[in-house]
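The same chain A turns up in both complexes below, where it pairs with chain B and then with chain C.
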Partner chain A sequence: MSEFQIVIQSFLPVYTLLFGAVILLILDWTIGKKPVHKHIMPSISIITLIVAGYMVFIRPKDPSSFPGNPPLFYFGEFYAYFSLLAITAAFVIVLSAWKDMELELSLGVFYALLLIATAGILIIAGAMNFIPLYVGFEVLSISTYAMIGFKKKSRAAAEASIKYFLLGALASGILLFGISLFYGATHSLQLTSAVNVLNVIGTTKPNAYGLFVMALLVVGVGFKIAAVPFHVWVPDVYKGSSLSVTNFLAIGSKAGGFAFVFKIFLLSLITIKSGWAPVWAVLAILTMIVGNLAALPQVSVTRILAYSSIAHVGYILIALVSYAHGATEMATIGALYHLMANIFMKGTAFTVVLIVVYQTGGDTLEHFKGLSKRDPLTTFFMTIALLSLAGIPPFAGFFGKFFLFYSAVLSGDTYLAIIAIMMSAVSVFYYARIIYVMYFQEPSEANTETKTYPRFFILLFALTIGNIALFFGALFLTPQLVEFGSKVAQELAQFII
Partner chain B sequence: MTAIPIEYPLILSSALFSLGVFGVITQKNAVRILIAIELIINAANINFVTFASYNPNADISGWVFALFIIAVAAGEAAIGLAIFINVFRNFGEINVKHLFTLREV
Partner chain C sequence: MESEIIYYALGVVTSPFIGSLILTIFAFIHYAKTHGHEETEENNHEEHEEHGLKYTPLENFVSTIGILSIFASWVFMLLLAIKFFTTEHHGAFLTTSYDFFGFPVTQNIQVGLLVDALSVYMGLIVTTLALLIHMYAREYMHGDKGYPRFFATFNFFTGIMLSLVFSSSFFELFIFWELVGLSSYLLIGFWIFKPSAAHAAKKAFLYNKVGDVALLSGFLILYKLTGTLNFMELPDKIHNLTPLQTALISVLIFGGVIGKSAQFPLYTWLADAMEGPTPVSAILHSSTMVKAGVYMVARVFFLYWQAHEGEYNFAGDNWALAVVAWVAAITALLAGLQALVENEIKRILAYSTVSQISYMVLALGAGSKTAAMYHLLSHATFKALLFLTAGAVIHVVHTNNIWEMGNLRKKIPKTFTAMLIGAIGLSGFPGISGFWSKDAVLATVYYSDVPGNKILFTLGVVTAFITALYTTRFIIVVFFREPTPENIERVEHAHDGGFFLTIPPLIMAALVILESLTFIPTPIFKFEEWLMEWLEPGVHAHEVALTLPILSAIVVLLGIGTGIYLYYYNYNILASLNQNKVIIPIREFIAQRYYIDKVLYWIANVPAMIVSRLLQDIDIKIIDRTIIDTWIVKGSLGLAKISDVFDQGIIDGIVNGVWMIALTLGRAFRKLQTGIVSNYASIFAAALVIFLGYVNFLIFIK
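And now, the complex of A and B:
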C-alpha cells in the first residue's frame, strides 16, 4: 500500500462518522418531514457507528506508518480503547434518543451532531500534536453546545445551553492561551516536545512559567471534565437539557474530556509531574467531597445523578495522581475500567430517569415513589445501576473503584484512598434513598402510567448485562486486564526519552 | 524581521488576555461576554504568531495553528450567536444575571 492509502485507512473511522453525519443531514433536508424518518435516522446512525467501530479494529497498526513526521497522530491501544468508549456511548444515546426526540423536528440534525461529537472524541484520542488535539476538542464541544440547546421551545434547554456555551468557550480560550505559552517555551506543538526540552535543560522542577502554563491547562480541562471548583455548570446543564443529551454529557463527553486530560498530563507534561500531581490531588479531594455532599439534599434524581457524576470524576482524578507517583499500570487500568463502567451505570440510570419522566412527567423522588409496583423490570435495572454506582459487588462499579483506590494505595497516597472510601460510604446514602423510594413507598394517585417501550427494555437489558459482564471479566480475566493496562501505560510512557 | 523586540507583542497579548478575563467577569450581557472571550482567543493567537516568528527552528506550526484557531473561533461564535438568539426568543433578553430559573436547592 502506498503512504497515501495508509493515511486514508488510518482516518477511516473519522471519515465514516462524518460521512454518516452528512447523509443524515441530506436525508433530514429531503425526507425529514415524513413520519418514516423517525426510524430511518437512528438506523443509519447505528449502522455508521458499527462500521466506524469495525474501521477502528482494522486500522494500520504499524507505528512507522502513522501520518506526519514527527507523527501528528498515534493510533495505538489508547486510541482504540477511547474510540470504543466513544462509539459505545454514542450507541447508547442513539437508542435512548429514539423515543426522547420523537416530538422534535430535525431528528437528522440531532443524530448528525452526535456522530460529529463522536468523531471529535476519536480525533482527541489519536492526536499527538496540539493542533489536532485542540480541533478534536472543539469539534466535541461545539456539537455538544448545539445538542444541549436542541429543544428550541424549552426555556430550560435555552438556559442550559447558554450556561454551558459561555463557560465552555471561556475554558477553551484559557486552554488556548496555555497552549500558546507552551509553544513559546518548547518551540514545537508536538505533545512530546516538553519532554525533549526538559531533557535538554536537565531538570524536572517546573519554574514559574511552567507552573503558569500548567495552571491555565488545568483550568481549561477542569471545566470540561467538571472537576470542583469548575463544576458549577453541571447540575443546571444536566437538568436543563433533554435527558438523552444529559446522558451523552455524562458518558460520552466525559470520556472525551478524560482522553484530553490524559493526553496533556500523562503524555505531554509528564516530566513536570512534581508540579501538577499536588494540584490534581487537591482537586480530586475537593471533587469527591463536594460532589458527594452536595448530592445529599437534592430531590431531583437528575440532579442527584449530576452530583454523583462529579463525585465519579473525583475518583478518576485519583488515577492521575497515582500515575504520577509511580503506580502507572494500576492507575491506567483503574481509569480505563472506570470510564467503561461509567457508561453502563450512568447510561442505565439516565435512561430510567427518561422513562420515568415519560410515565409521570417529572424526575423528583416523588415521581419515583412505588416505581417497583408500576414497572418492576425498570426498577430492577435502576437498582443494579445504583448499586453499581455505589460500588457494591457483583457490579462493574465495584472494580472501577477498587482499581482506582488500590492504585492510590500502591503509589503511597493512602490519604486519597481513605477519603475516597469515606465519600463512597456517604454516596451509598443517596443511592439507597432512591432504591428505598422505588421499592418501599406507595405510588401517589396520579402516577399510575405503566407504559414502557421495548427498545428501552432492550437498551437497559444490554447495559445491565454489560455491567455484570464487566465485573466478571475483571474477576476472571485479571491477567489479560493487567496486560492490557500495562500495554496502554507503556504506550503513554514510550515517548519519555 | 527581528527589529521589534519580542516583549512588545507579548505585552500586547497579555494585556488582551487580562482585558478578556476582566470582561468575562464584569459584563452581564452575553454578547459582551462573547466579545471578551474572543479577546482571550485573539491574545492566544498573537502569542502563536509571535512565537512562530521568533522561533529559532523556523517552525511554521504556530502560524498553522493560528489559522485553525480563526476557523474554530468563527464556528464557536456562530453557534454562540444562534444560542443567544434562542435564549432571546425564550426569555426576551440575554442578560445572564436574569437566567437563574434552573437553580433549586
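And now, the complex of A and C:
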C-alpha cells in the first residue's frame, strides 16, 4: 500500500462523516423544507454513522505505518475505542433528536453539525500532534456551540449557547497559551516531544517551564470536561439547551473531552506526571464532592443529572491519578469502560427526561411524580439508568465505578477510593429520590398525558440492553477486558521513551 | 477423545437451555399477542374436554420444542456415557475450566465442566427421567393457559440441574444450587392464581434458604482454609486441615442438604410443594432438586470419609458423621410415619420421598457413596413412576384424597399396572430394585464405624417395615377397596388417559423391571460391585452376611402382610384402632407434622421478632433519631449548605474579589461584565491565578 493509500484509508471514517454532513446540508437546502422528507435526514445520519463505524474497523492494520516523520496521526486501539464511543453517542443523539428537533425547520443542518462534531472527536482520538489535536478540539467545540443554539426561537438556548461559546473561547485561549509555551520549550508540536525538556532531568518532576505548561493545560481542559472549579457552566448550559443536545454534551462531547485529556496528559505530559498527579487528585476530590453535594437540593431533574455528570467526571479523573501512580492497566480499563457505561446510562436518563418534558412540559421532580402509573415502561428504563448511575449491579455503572476505585486502590491512592465511595453513597440519595417520586407518589392532576413515543422506546430499550450487556460483558469476559485495557495502555506507553 | 467428551458434555448442558430460551421468547410473544390475559382459576382449563384430546397448534409447537431439546440432551448424554464407560480411564476428566473473575482477590475460582463417573451416572438418570416426564407433561398440561410458560420453566429447571451435576467447583455448584431453588420456586408456584401454591413456593424457597446459608458459610470457610474450591484440587488440600475444621465444614455443608434434600427439621416444605403440577412433583422428587443434596455430599465425599488403603476412615471428627447419619435415620422414621397417616396421595408419596432420601443420606453418613447412588437410581425410577401414575389417577378422578377413590384397578388398568410395579419397587419387595438398593444401604450401616450404628440399623429396618406398610395401604385403598357410596359416581367415569399419560409411566415401569433384573447379583455381574469400581475405585466392599437380606425380606413381607390384613381383610380393627384413646393423640401428633412447622414458625416469630424488635428500637431510637437525623442528615445538609455557600458565596466572593482586582488591573475584562458569564469566566481566571501562584510557589521553593 502506498503512503497515499494509507492516508486515505486511515481518514475514511472522518471523510465519511463529513461527506454525510455535506449530503445532509445539500438535502436540507433542496428538499428539507417539505415536512414529508423529514425522515430522510435521520436515516442518512444513521447510515453515515454505521458506514463510518465500519470504516474504523477496516482502517490500516499497522498504525505506525502512517506517513510523516514524525507522523501526525496514530490510528491504533485508543483511536478505535474512542471512535466507537463517539459514533455510539452520535447514534443515541440521532434517535433522541429525531423527535426533539422535528419542529425545527432545518433538521438536516442539525444532523450535519452532529456528524461534524463526531468527526472532531475522531480527529482528537487519532492526533499525535498539537495542531490536529487542537483542530479536532475546535471542530468539536464550534459545532457544539451551534447545536446548543440551534433552537433559534428559544431564549434559553440562545443564552446557553452564547455562554458556552464565551467560556469555551476563554478556555481555548488558555489552552493555546499552554500549547505555545510547550512549543517554546520543545521546538516541536509533536505530542511525544517533551522528553527531558519540561522535567527535571532524571525524574518525572516538572521544571519551572513544565509547571506553567501544566497549569495552563489543566485549566484549559478542565473546562471542557467540567472539572470543579471549571464546572460552573454545566448546570446552566445543560438546562438551557434542548435536551438532546444536553445529551450529546453529557455523553459525546464528554468522551471527546476525555480523549483530549488523555492525549495531553497520558502522552504528552507523562514525563512530568508527578507534577500533575496531585493537581488532578485535588480536582478529582473537589469534583466528586461538589458535584454530588450540589445535586442534593436540586428539584430539576436535568440539573440533578448535570451535577451527577460533574460527579462522574470526578470518578473518571481518579483514573488519571492512578495511571500516573502506576496502576496503568486498571486505570485505562476503568476510564474506557466508564465512558462507555456513561453513554448507556446518561443517554437513557436524558432521553427519559426528554419524554417527560414532552408529556408534561417540565422536568422538575413535580413532573416526574407518579410516572410509573402513567408510563410504566419508561419509568422502568429510567430506574435502571438511575441504579446504574448509582453503581448498583447488575448494571454497567457498577463495574465502571469498581474498576476506577479499584485502580485507585492498586496505585496506593486509597483515600481517593474512600472519598469516591462515600460520595457514591451520597449520590444514591438523589438518584433514589427520583425513583421514589416516580413510583411512590401520585401523579399531580395536571399531568395525565400517557402518550408514548415508539422511537424513544426502541432507543431506551437498546440502551438498557446495552447497559446490562456491558455489565455481564465485564463479569464474564474480564480476561479479555484486561487484555484490551493493557493493549491500550501499552499503546499509550510505547511513545514514552 | 477428551475433546469429544467436552462437546458431548456441553451438548448435554446447553440443549435444555436453548429450548428454554426459544420457549421463553415464544411465551413472551404469546402473552403479548393475547394481551397478557391474566390466568385465573376460572379461565384456566376452560377449554379442557374429557374426550377427544386435541392439541392446539401452540401446544404442539411448545411441547415439541420442549421435548426435543431434552431429547437432544439425552442423546448427548448417552453418547457421553458410552464414550466414558468404554474407556479404561477410571479417573475424572476435568474437561474445561477458566478463571471466572480475573482479579487477584478471587484466584482459583473456576467455572468448568467436570465429567467423572459420578456426574455421568447422575446425568444419565436426570436426562432419562426428564425426557419421560416431559413427554408426560405434554398431555398432562393440555388446556392450561400457561402452557408455554410451563415448558420454558421446566426446560430451564432441567438445564440447571444438569449444569449442577457437571459443576467443577463449589462456586459453580452453588450458583446452580441457588438457581435450582429459584426455578423450583417458579414451578411449585406455577399456578399463580392459587394462594396455596404461592404459599408453598415461598415456603420451599425460604426453607431452602436457611440451609443455603449454612452451605455458603461452609464452603467459604473451606475456601479460606484451602484456597481453592475446585473439586479436582480439594481432595489433596483437605489433608492440611485439622479434624475439627473438616468436621465443622462438613456439618455446615450438610446444613445445605437439610434444606435442599428435605431432612429433619426442614422437610415439611416438600409436602406443601405438591401444590405444583404433577410433572413438577415427579421431576422434583425423582431426579432433580431433592437429589441435588445427596449428589453434592457424594461429590464432596472426601470431606466426610477418606479412603485409606481400601478402607474408609473418618475425614474429620466422628461426631460430624454421627450428625449426618442420625439426622437421616430420624428423618426416615418420622417421614415414614407421616406417610402412614396422610390422606392425599401426592403427600403420601412426598413423605415417602423424604424417607427414602434419608436412606441415601444415611448411606453417605455411614460411609458408602455407592450404596447412596445405588438407592438413588432405583428410587428415582420408581418414584417418578409413582408420581406420574398418581398424577394420572388424580387426573381421572379429580380428587387428591385416597379415601375418595377405590376399586380403580378395573377402570384404569394400564395406570394400575404401572403404579403397582412402582409400589412394589418402593416397598422393597424381595427381588425388586428397591429391595437390593435398600439392602445395600442397610448393610453399609450395619458394618459402619459411625457411632451407634446398630441403633441406626434398627431404625432403618423399622423404616423398611413402615415403608412396606404405607405402600400397601395406598395401593389397596386406591385400587382394591370398594369406594364409599358418595364416591361411586366419581369412580365410575374414570378411564385411562391418552397416549402420553400412559406410555411414559409404562416405559418407567419397564425400566423398574429392567433395573430389578440388573440388580440381581449373579456370579457374572454384580451391579453394586460394578458401580463401586467406578465411583470409589480402590475401595473394597464388605462381605455381607446372608442374614441381612433375609432379615430385610422378612420385614418387608411382614409389612405388606400387615397392610393387606389391616386395610383389606380386617378393616374393623383399623377402625377400632382409630377410635382408641391412646392412638388418637399420637395420630394427631403425627398428622400435625410433629408440630415442626409450629416450632419453626415460633422460632421465626418469637425469638426472631424479639431480636428484630430490639434491633428496630436500636435502629429507630439510636441510629435513625440520633445518628442519622441529628448527625448525618444535619451534617450532610450542613455540608450541602456549606457547599452551596461555597459555590455561591466563597467562589462567587473570590470571583468578585478577583473581579475587583481584575477591574483595577485593566479594562480588558470589562466587556464580559454582562450577566453571569463574566462571573464564570472570572472563576476560570481565579483558578488560573491560584494555579499559577501555586506554580510560582513551587519554583520559589526550589
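We take it that the second predicted complex is superposed on the first by the 486 of 497 C-alpha atoms of A that agree within 3 Å, B and C clash if a C-alpha of one lies under 4 Å from a C-alpha of the other, contacts with A are read in each partner's own complex, and residues count from 1 in each chain.
Following the convention adopted for this analysis, contacts are C-beta pairs under 8 Å (C-beta built on N, C-alpha and C of every residue); 3 or more make two chains touch, one makes a residue touch a chain.
No experiment lies behind these values; they were computed from the predicted model shown.
Of the two partner chains placed around the shared chain by superposition, neither chain B nor chain C is touched by A:Gly361. Judged by the touch definition given at the top, the superposed model places A:Pro376 against neither chain B nor chain C.
By the touch criterion defined above, A:Pro278 lies against neither chain B nor chain C after alignment on the C-alpha atoms of chain A.
Of the two partner chains, both chain B and chain C are touched by A:Leu170. In the superposition on chain A, A:Ser300 makes contact with chain B only, not with chain C.
In the superposed model, A:Pro70 makes contact with neither chain B nor chain C. In the superposition on chain A, A:Ser180 makes contact with chain B only, not with chain C.
After overlaying the two complexes on the shared chain, residue contacts for A:Val219 are found with chain C alone; chain B is out of touch. In the superposition on chain A, A:Gly149 contacts chain B only, with no contact to chain C. Applying the stated touch rule to the two superposed structures, the overlap between the chain B and chain C interfaces on chain A comprises residues 162-163, 166, 170, 174, 236, 297. Residue ranges of chain B in contact with chain A, taken from their complex: 13, 17, 20, 24, 30, 33-34, 37, 40-41, 43-45, 47-48, 50-52, 55-57, 59, 61-62, 64-65, 68-69, 72, 75-76, 79-80, 82-84, 86-87, 89-91, 94, 96, 99, 101-105. Considering their complex, residues 98-99, 101-103, 636, 639-640, 643-644, 646-647, 651, 672, 675-677, 679-681, 683-684, 686-688, 691-692, 694-695, 698-699, 702 of chain C touch chain A. Residue ranges on chain A touching chain C, taken from their complex, read 162-163, 166-167, 170-171, 174, 208, 211-212, 214-216, 218-219, 222-223, 229-230, 232-233, 236, 279, 289-290, 293-294, 296-297, 406, 426, 475, 478-479, 482. Chain A makes touch with chain B in their complex at residues 129-131, 134-135, 138, 142, 145-146, 149, 152-156, 158-163, 165-166, 169-170, 172-174, 176-177, 179-181, 183-184, 187-189, 236, 239-240, 297-300, 303.
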